[in-house]
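Shared between the two complexes below is chain A, which pairs with chain B and chain C, respectively.
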Partner chain A sequence: MSEMWTAKLRKKWQKNLPIEKLLPDDQPAYVASWIYVFGVLTLSALAMIIFSGIILAFEGPAWYHTSDAGKFVNSLHFWSVQLFFVFMVIHLWGKFWMAAWRGNRFATWATGAVAFIASIATAFTGYLVQTNFDSQWISFEAKDGFNSVGVGAWFTVTNLGQMLLLHVAFLPLILGAITVVHVLMVRKRGVVPPIDAEPSSVSEGGR
Partner chain B sequence: MSTVKESFDAAPWKGKTKRYDIVKEGSVALAFVMVLTIILSLFMGSPDETPLTFKGWAVSNSDNFYATAVQELAGTSGTATYGAPYNKAADGLNLGPLWLQKWAGVTRPIDSVNDFVISPLSTQVMSTDIASALATWNSATAAQKQAWATAYDDAITNAEGKLADVPSGAYGPVPALAQGLTDMAKAGALDAALLSQGGFFQTDNTKQILFFGDGAYLDDAGTAANLQGGTWGMMNETGRYPGQAWLWLYSFWYQIPPFNNEESKPIGANADAYIMAIMGVLSLGLILIPVIPGIKTLPMRIPIHRGIWRDYYRSQAIRKPKK
Partner chain C sequence: MTGWIADFMNHPATYLKSGWFQISVTNLVVILLMLAIFALAVLIPFPKDKDGHHK
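Right after this comes the complex of A and B.
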């Protein structure tokens, strides 16, 4: 009898990503630079974006125009997005200069790059649903770019309802899924070794 | 890179390790970001410029609103002459032989005459003059309507937008319709009328946004707020707030020739399409950096990594026997 799909999946998961890799209590000694904190800072800012975004979603897109509490939550959302991009760009540059795709880590790099692009799309739709002058201006200006390559026939930046749904449902789902896959790949593959590290240099091992 | 080195980089690290509390790291990072975000929010707030309204436009620049209404009737406005996805008045932009805008078709049809002028006017309790003008317009042939509106639009253009200088002529009901729409906008009734066409629940502001863009009001406000594309406007925000700085590369192309010259064919005249294509290719390039010759080896040739892993390299230098 062939093995059950569930059993196959469990074995594969346990082989590739055991709990020791998912929640490690040690790491290579070469991980000793401030550049490493920008990955977790990016995730933290994303958590703040989601938290403040959920509150905004409950109250609706026009809430923050008329309420001090709404204005504060909108400000949390605004600044966590700004910080998110600052952290993510530093993280991205850091990983580039580490050539962090080495050692079968192409997919880790690629999912990170796709997450960056998806973040830009998500933030862009956020600017369109501010329901203020800025969103009027951005939607009028941006439509030409999307229309010029035919995308505007379906992705209508002047349609508040469409942009709102994409911003609070579809795009966060995509971004969240890519981010989870990216983090799991980091845990599975581990942190990339220094560029000039040689097999002969690690024979001693241990803490 | 040799296969041995690639296998080594891929294998679990066998060398020196140190204690690492991943849960503590995540918790401290989250607390740090929370505090930083709260401080920024309390002291800086967030941008929220009040949206423009048709009432504001018609009150502050009545002549421009009036002239724009005439353009909508004459079919000479930006929306009326746009092409896909709103109408078939133009072929739109192209990427060489690729007419993607045209090929995508008219998926969001807009009839500037009826959607922007006649239908909103028809929803109002109107004066005898406007009711009579609407009846005259609705009973005229298409050719007659076009002749009236074109003659009046040309006359306003020749008078450089100064309505007082426009000579009398065979304009039919067009002046009355334009005045009726201007009065409607001044009363604050046009904003809702444009949105509510077609039913009770409406979430699509396309008609409002496009009508706004046909006049000078939105454009002037964008210029005043330093938001125009030619001045890096796509990455700016109103007030003194940071905008979408991550769009800097997209904005960059609009600042340099030939993209910043609409007269330059074929690229400048189709800048939007070319820049979207360039950014598509560059985005793909970002994803594929690990396999692009020349770029994938850049980190090995420029030793920034020596700073990132300086402790490791220092320890290796100590371990290596001096020759």
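Right after this comes the complex of A and C.
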């Protein structure tokens, strides 16, 4: 009798990503550098974005435009996004200059790049659903750009319903899924060593 | 919005322009701050505990 797909998947997972790799309590010495902190700072900002975004979704614009608490959570959501991008871009610079795709880590690098693009799309739709003059200005400027490349009828930036659903449902799911895969790949292959790291101090890249 | 924040924010951005290149002072400041943070993150040593181990 052939092996069930669940058993195959379990064995593959255990081989590639055992629990010791998934939740390590030790890291190589070279990780003790501030430049290695920006990945987890990006994740922390993303957690704050999701947390504040859920509150905004439950309470709605009538609350977050008028009440003091609503304005605070709205601002928390906005400024978390600003920090998210600052941390993510510094993380990107750090990984680019240490050529983080080395050691069989191309997929880790590529999922990070795709997460960056998905973040831009999510943030852009966020700016469009602020329901204020700022979002009105941005959408009317952007519609000309999208129309000029022929996608305006399909991706309609002045359609608040479409932008809102993309921002609160579709794009967060995509970004969340890519982020999970990215982090699992970092855990599977280990944190990339500096280019001049001693070979004895480098953790295994793995496949 | 009232007070100094309104005085600071409620006017059009100042732009720097050189030929085809144009950037707002605000965006330039943010980019320079990010470059400064990047440089500091590379240069500043990570803290160690009294036994010499990294925290």
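FYI, the second predicted complex is superposed on the first by the 194 of 207 C-alpha atoms of A that agree within 3 Å, B and C clash if a C-alpha of one lies under 4 Å from a C-alpha of the other, contacts with A are read in each partner's own complex, and residues count from 1 in each chain.
As a convention for this text, contacts are C-beta pairs under 8 Å (C-beta built on N, C-alpha and C of every residue); 3 or more make two chains touch, one makes a residue touch a chain.
What you see is a predicted model; the values in this text were computed from it and never measured.
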A:I90 touches, of chain B and chain C: first, second, both or neither? second
Partner chain(s) touched by A:V37 [first = chain B, second = chain C, both, neither]: both
Touched partner set for A:G145, first chain B, second chain C, both or neither: first
Partner chain(s) touched by A:A29 [first = chain B, second = chain C, both, neither]: both
First (chain B), second (chain C), both or neither touched by A:V192: first
Partner, of chain C and chain B, that touches more residues belonging to chain A: B
Doubly contacted chain A residues - partners chain C and chain B: 29, 32-33, 35, 37, 89, 94
Chain A residues within the chain B interface of the complex: 23-33, 35, 37, 40-41, 43-45, 47-48, 64-65, 71-72, 74-80, 82-83, 85, 89, 94, 96-99, 101-106, 109-110, 113-114, 116-117, 119-120, 123-124, 127, 130-154, 156, 158-162, 164, 189-199, 201-207
Of all residues in chain B, those that touch chain A in their complex: 1, 4-23, 25-26, 29-30, 32-34, 36-38, 40-42, 44-52, 84-85, 92-93, 95, 100-101, 103-105, 107-108, 203-206, 209-210, 212-213, 218, 221-222, 225, 227, 229, 233-234, 237-238, 241-242, 244-247, 270, 272-273, 275-277, 283, 286-291, 296, 299-300, 302, 304-305, 307-313, 316, 319
Touching residues (chain side chain A, partner chain C) in the complex: 29, 32-35, 37-38, 86, 89-90, 93-94
Chain A-touching residues of chain C, taken from the complex the two chains share: 30, 34, 37-38, 40-42, 44, 46, 54-55
